[in-house]
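Sharing a structure, written as structure tokens. Questions coming.
A, B, C, D, E and F are the chain letters, set down in written order, and residue numbers restart from 1 in every chain.
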Amino acid sequence: MQLSLMTWQEVEAYLTDRSAIILPIGSQEQHGPMGLIGTDAQTAEAIAHKVGAEREIVVGPTISVGMAQHHLGFTGSMTLRPTTLIALIVDYITSLSRHGFDQFYFVNGHGGNITTVQTAFQEIYAEYSLAGADCPIRCRLANWFAMKDVVNLTQELYGDKEGMHATPSEVALTQYLFPDHIKSMAPSDAAPIKRMFTDASDYRALFPDGRMAAASELANPEDGKRFLEIAAKAINKDLSAFLAGEK
Amino acid sequence: MQLSLMTWQEVEAYLTDRSAIILPIGSQEQHGPMGLIGTDAQTAEAIAHKVGAEREIVVGPTISVGMAQHHLGFTGSMTLRPTTLIALIVDYITSLSRHGFDQFYFVNGHGGNITTVQTAFQEIYAEYSLAGADCPIRCRLANWFAMKDVVNLTQELYGDKEGMHATPSEVALTQYLFPDHIKSMAPSDAAPIKRMFTDASDYRALFPDGRMAAASELANPEDGKRFLEIAAKAINKDLSAFLAGEK
Amino acid sequence: MQLSLMTWQEVEAYLTDRSAIILPIGSQEQHGPMGLIGTDAQTAEAIAHKVGAEREIVVGPTISVGMAQHHLGFTGSMTLRPTTLIALIVDYITSLSRHGFDQFYFVNGHGGNITTVQTAFQEIYAEYSLAGADCPIRCRLANWFAMKDVVNLTQELYGDKEGMHATPSEVALTQYLFPDHIKSMAPSDAAPIKRMFTDASDYRALFPDGRMAAASELANPEDGKRFLEIAAKAINKDLSAFLAGEK
Amino acid sequence: MQLSLMTWQEVEAYLTDRSAIILPIGSQEQHGPMGLIGTDAQTAEAIAHKVGAEREIVVGPTISVGMAQHHLGFTGSMTLRPTTLIALIVDYITSLSRHGFDQFYFVNGHGGNITTVQTAFQEIYAEYSLAGADCPIRCRLANWFAMKDVVNLTQELYGDKEGMHATPSEVALTQYLFPDHIKSMAPSDAAPIKRMFTDASDYRALFPDGRMAAASELANPEDGKRFLEIAAKAINKDLSAFLAGEK
Amino acid sequence: MQLSLMTWQEVEAYLTDRSAIILPIGSQEQHGPMGLIGTDAQTAEAIAHKVGAEREIVVGPTISVGMAQHHLGFTGSMTLRPTTLIALIVDYITSLSRHGFDQFYFVNGHGGNITTVQTAFQEIYAEYSLAGADCPIRCRLANWFAMKDVVNLTQELYGDKEGMHATPSEVALTQYLFPDHIKSMAPSDAAPIKRMFTDASDYRALFPDGRMAAASELANPEDGKRFLEIAAKAINKDLSAFLAGEK
Amino acid sequence: MQLSLMTWQEVEAYLTDRSAIILPIGSQEQHGPMGLIGTDAQTAEAIAHKVGAEREIVVGPTISVGMAQHHLGFTGSMTLRPTTLIALIVDYITSLSRHGFDQFYFVNGHGGNITTVQTAFQEIYAEYSLAGADCPIRCRLANWFAMKDVVNLTQELYGDKEGMHATPSEVALTQYLFPDHIKSMAPSDAAPIKRMFTDASDYRALFPDGRMAAASELANPEDGKRFLEIAAKAINKDLSAFLAGEK
């Protein structure tokens, strides 16, 4: 149920009895010596497509570049300024709500996107609140990597070596998705997390090879398959709660 | 050590061996039948001033209107659009960093500000990261109401009746600060939290008198004094960690 | 009648037969060797609160940082870019007008704010004018320091030594308001006003200690009390004219 | 010395020993039953061109649409939003300052432009002040209609009948400039000025035919010639003071 | 039929049975050793005024500064940033559409404006499309220099020597319009067009005297007269097609 | 050579002797009764990936939502406002140029993007031109559907029935790419192109099923394969010219 693979009449038919859409959002940013730059977009997209297919819910186009200013010290990383990403999300939602979509469920693959996406939701709601109008739109941001069952599996498989960036779990998932693009790395310890970073040069000084306390080399495609399944299951359940108007 | 009560020469002298500033941020928004509209600004300001005095750290002007679009269904509530608040924070920090301040510690009294303020920090860092320049600035947002010791005290005093908005803890703190402005309310149960809200009309439909599961009437000035002390202590400790470059 | 000290129900009751609000606006900027950085916000706020109390008109939160780019050459001064201040004022007024406030009376303590605030009013009116809609909102900016009776008193007390920045009148008013924060200065002549300034470095070159032809040292708390009273009286009268729809 | 009639080499030669430019700014807005919509641009341009020719100072392109939201209730009136006009002025000045122009003297024909243009100057200065850089640019806004000698002549010729909009003085000046476009009007009293207006519908309600207390019909081309001469003389003198770095 | 030379009542009368307006747009930019900086605005304005007079269609104020960033390497050139020009066009059209103008026909004298002006039209349409509202406005951009009959005449008169900037055709037209401002140049070959330029320094490196393959010296006022006539005729015809709702 | 499938070290290695990147840009918009909503993004991406693989040039993430306001009358279509798309492109290019990419070659699948993308390039160049700095960046927009050889093939295969939107050529290309998503349609004539459209409701009134004079039903996967090959070949050649600094 990808929007991009439908005709407009098919979308029109869909909206006769449903009004939800899933929007994957990721990032293009370094993921250490063996992680792919597109990891966060690839994982979010794969999970969203799986859930969309299972639930027969339309999945919109993936937002493949997000807020990743802190990774710009590593070649190939890209970012939108937060205010640009806010404008983009406002336009996506405004476009789709015009047609009758009113439940926007974002599947997110990148921690750095969280505050900006949540802020974009508020920017939309504020427009209605300031006008004294009823907002027909509901949005939720779901971070697959932070779902309880996913976290449990990372702990079971990797314990402390999961880390926080270029994690074995996300690398594994991309290995499963792109078996022809599995990279290897020389064994080396990832820098530990002593404190949070600010800008790109600060990040690079703290985490010289891009990883945050993560043993990316533990990743393997079989684990990746498990993460895809467990993440899709968790997202599926959370989506049900969202559509039911639950917390 | 309020910036507003200093001369420019005193600030210049301060900056010869220190570079930190505390910035209180709150909101003007309904706080139920007996809570003050200025609660979030008043509490953040009081805690920030107390910590600033104890630590001899300059405290800047309070940002008294924040991001509170969801409260606009209740008379007297005010909001900045998220993008306006981002611009304001960028200007505050840019102004002050010109003089040599480089450690910005925000004491926040309003949950609704969190994502926007964090996004503003990213907007600043992004400017440096995109230019390939080193950012000299570090920012932290500390939410007094979410500090562990504060939460523990709310649980000890009110348990489930603390709720999430117009809480007895914040009302108590303002009662302590403004003994001439203690309001009373007719006993009534606050609406429970079934799900998160979106815009102002949705919020009002879910929480008809403005409270989120909070028994504001449990508040009393004595509790307020305790909250001021425990919050200031917790913020003080977190500030030390921040200034030490710790997580 | 401070908005921040009211409950939303009290504001609702207020609006049943009134619709005016007073908004103090000042600045955080150097005021010479003995003037406080918060002078303009403190004086505007004190006068606004006094008038609000006398007239039983709601006073909103003080805009404590204004347009003061020309003072950034002196440590501790802060500014909003003019376009940020415009956005802030638009949001304040839009929020409050949603509830039924429609007479916005700004009490201003800083000359540098004048053109930007007036421009913000036009930005709001333009929105209605371009849409061909009737604007329900009326705004006025009142500069307490420029009220005729205030100017007369400055001439009577200080003559030419009043100057234009860090004036004895404004310093006196803050001395009355903050008796614990009265500063002294080494006797020295303030730089005379040869021409108007442009940016911060130009201002500092023209006015090395921050004062513009003002003998701040003439200030004393007793004078400050007189200024508070006479300014409040003048603002009170001007407010009456505004509410009566007069020029 | 119109920029538009020069080659780039001529401008380059000019800048070898001079750096000033005059920029006319007006408006397209109703001027009552017999005033031209372009009055404010036409008068500012004519005066600027006359002064530029006499002083051999380059005159840039006329900003022909200004801030006139309050006139939109009358057909044919145009406005820029204040924030658009600010952006335009920033771009004009930035373009020209790149080549070495650094003294920007705006000749203004419209009262409604004043606060926005002054705010634009501050927006430019703020960019330098926030960066801690020296601003090489100086700007001044000169309102020809408010120059002392001009006001004196209006009083001599028309007294109270000069009014504030669609005044006989400005109408006279355009009659002198455009003798083929002199309009007549049925005799009628202009509405008196009871109070200041807000948006376009308010303006129209107060001033039904567009004039503000002005007896436009007193205008004649001979008076117009006198106004052009006296205004040019006054502007010329003020320009000298500006270029001499005087107040 | 210039808007600036009409009264508001005349515009009101015009709109009782017509709703079109012609808007000239040009640029202030170098035009080689003998071309005028205002060439593009002057030519567009002259053609627009001629067509407006012949067709009795109102002609609005000329947009005299456009998008010419690539010419900033030559003294005297000015530009609006594209986003500023978009805002300006949105405000022009919004102002005029409020009065009932709904057919906006831009006569353009500068190739560098094309994409930005077309983008501005889309920005306006998008506002309606996103709101699900019917847009009452139609816009067209007509480039006089690219009209087929104009191009034919340039080929007939100058062949390959017409070039692409500071062309003999546009120089000729301004010579006809401003006979007192005809400049001469030392004979020299214009740089050939090897590739398209990017920014101002790239343009200057490619085209050292500002001309793009154009033999400006071939221009003469008689040719200019022919270009004015043939361009006006072509624009007149295209305008008819536009007003008839044709392609 | 997809950026998203590389590690940052691989990108770093690539940049040691190359500096070009290909960026596909498309749209999500209706393509008539049998065309896919993602057609323009899918075709641009496929061609870009093919060329990138053949030339060993890095291909960045696809911009999958473009400027398609005119299609919003048909369910499922999405748009960015032009100013949002400009901001996005500025951020993409700024991010990548930080790492050393300086040749930006956009492969475009949607006519509606052209003016906005070109305007974005100018916005970037203007930043340098206004600062008087040398811009290291060169950008080109290549529209695959308008390459001469592609147009020739459409004429050979479909003649007049190619039309302008939901064309058999683009539908064929997506059929080849997504054989599992080939749709059929009831035979019907597409609306002819009488004139250009403005907003979404105008477009729908002119082209009731979304097609512009295009016989989509003539599409077949075999033709699609030919279009992919011929388009890639044409783009490849144009890219060579671009990288050689040719026109």
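Rule of thumb we're sticking to: a contact is a pair of C-beta atoms (placed from the backbone, for glycine too) under 8 Å apart; a residue touches a chain by one contact, two chains touch by 3 or more.
If you want to know which protein each chain is, UniProt gives these names: A, B, C, D, E, F = Creatinine amidohydrolase.
Owing to the predicted nature of the structure, the values given are computational and were not obtained by experimental measurement.
Engineer: By that same contact rule, can you tell me which chains touch chain C (Creatinine amidohydrolase) and chain F (Creatinine amidohydrolase) alike?
Structural biologist: In this structure, the chains that contact chain F (Creatinine amidohydrolase) and also chain C (Creatinine amidohydrolase) are A, B, D, E.
Engineer: When you check each chain against chain A (Creatinine amidohydrolase) and chain D (Creatinine amidohydrolase), which touch both of them?
Structural biologist: Correct list: B, C, E, F.
Engineer: Taking shared residue numbers divided by all residue numbers at the interface, is the value for chain E (Creatinine amidohydrolase) and chain F (Creatinine amidohydrolase) over half (same) or under half (different)?
Structural biologist: same
Engineer: Chain A (Creatinine amidohydrolase) and chain E (Creatinine amidohydrolase) are the same sequence; what rotation (0 to 180°, nearest 5) superposes their CA atoms?
Structural biologist: To bring chain A (Creatinine amidohydrolase) onto chain E (Creatinine amidohydrolase), one rotates by 120 degrees.
Engineer: Relative to chain B (Creatinine amidohydrolase), which chain's C-alpha centre is the most remote?
Structural biologist: That would be chain E.
Engineer: In whole angstrom, what separates the CA-based centres of chain B (Creatinine amidohydrolase) and chain E (Creatinine amidohydrolase)?
Structural biologist: 54
Engineer: Find the geometric centre of each of chain D (Creatinine amidohydrolase) and chain E (Creatinine amidohydrolase) from their Cα atoms only, then give the gap between the two centres in Å, rounded to an integer.
Structural biologist: Distance between chain centres, rounded to whole Å: 25 Å.
Engineer: Could you tell me the distance, in whole angstrom, between the mean C-alpha positions of chain D (Creatinine amidohydrolase) and chain F (Creatinine amidohydrolase)?
Structural biologist: Chain centres of chain D (Creatinine amidohydrolase) and chain F (Creatinine amidohydrolase), defined by C-alpha means, are spaced 47 Å apart.
Engineer: Using mean CA coordinates as chain centres, what's the gap between chain A (Creatinine amidohydrolase) and chain B (Creatinine amidohydrolase) in Å?
Structural biologist: Using C-alpha averages as centres, the distance is 29 Å.
Engineer: Using the touch rule from the top of the page, what residues of chain B (Creatinine amidohydrolase) touch 2 or more other chains?
Structural biologist: 72, 79, 81, 83, 91, 95, 98, 130, 132
Engineer: Just say which it is for the chain contacts: an open line, a closed ring, a star, complete, or other.
Structural biologist: Contact map by chain: other.
Engineer: Dump the list of chain pairs that touch, please.
Structural biologist: In this structure, the chains touch in these pairs: A-B, A-C, A-E, A-F, B-C, B-D, B-F, C-D, C-E, D-E, D-F, E-F.
Engineer: Of all residues in chain A (Creatinine amidohydrolase), which touch chain F (Creatinine amidohydrolase) in the complex?
Structural biologist: It is residues 2-12, 15, 28, 30-38, 41-42, 60-62, 64-65, 72, 74-81, 83-84, 87-88, 90-92, 95-96, 98-100, 178, 181, 183, 210 of chain A (Creatinine amidohydrolase) that touch chain F (Creatinine amidohydrolase).
Engineer: With touch defined as at the start, can you tell me which chain B (Creatinine amidohydrolase) residues reach chain F (Creatinine amidohydrolase) in the complex?
Structural biologist: So the residues of chain B (Creatinine amidohydrolase) touching chain F (Creatinine amidohydrolase) come out as 130-132.
Engineer: Could you pull out which chain F (Creatinine amidohydrolase) residues touch chain E (Creatinine amidohydrolase) in their complex?
Structural biologist: Of all residues in chain F (Creatinine amidohydrolase), those touching chain E (Creatinine amidohydrolase) are 67, 69-70, 72-73, 79, 81-83, 86, 112, 114-116, 118-123, 125-126, 128-130, 132-135, 137-139, 193-196, 198-202, 245-247.
Engineer: So in the complex, which bits of chain B (Creatinine amidohydrolase) are touching chain D (Creatinine amidohydrolase)?
Structural biologist: Those in contact with chain D (Creatinine amidohydrolase) are residues 91, 94-95, 98.
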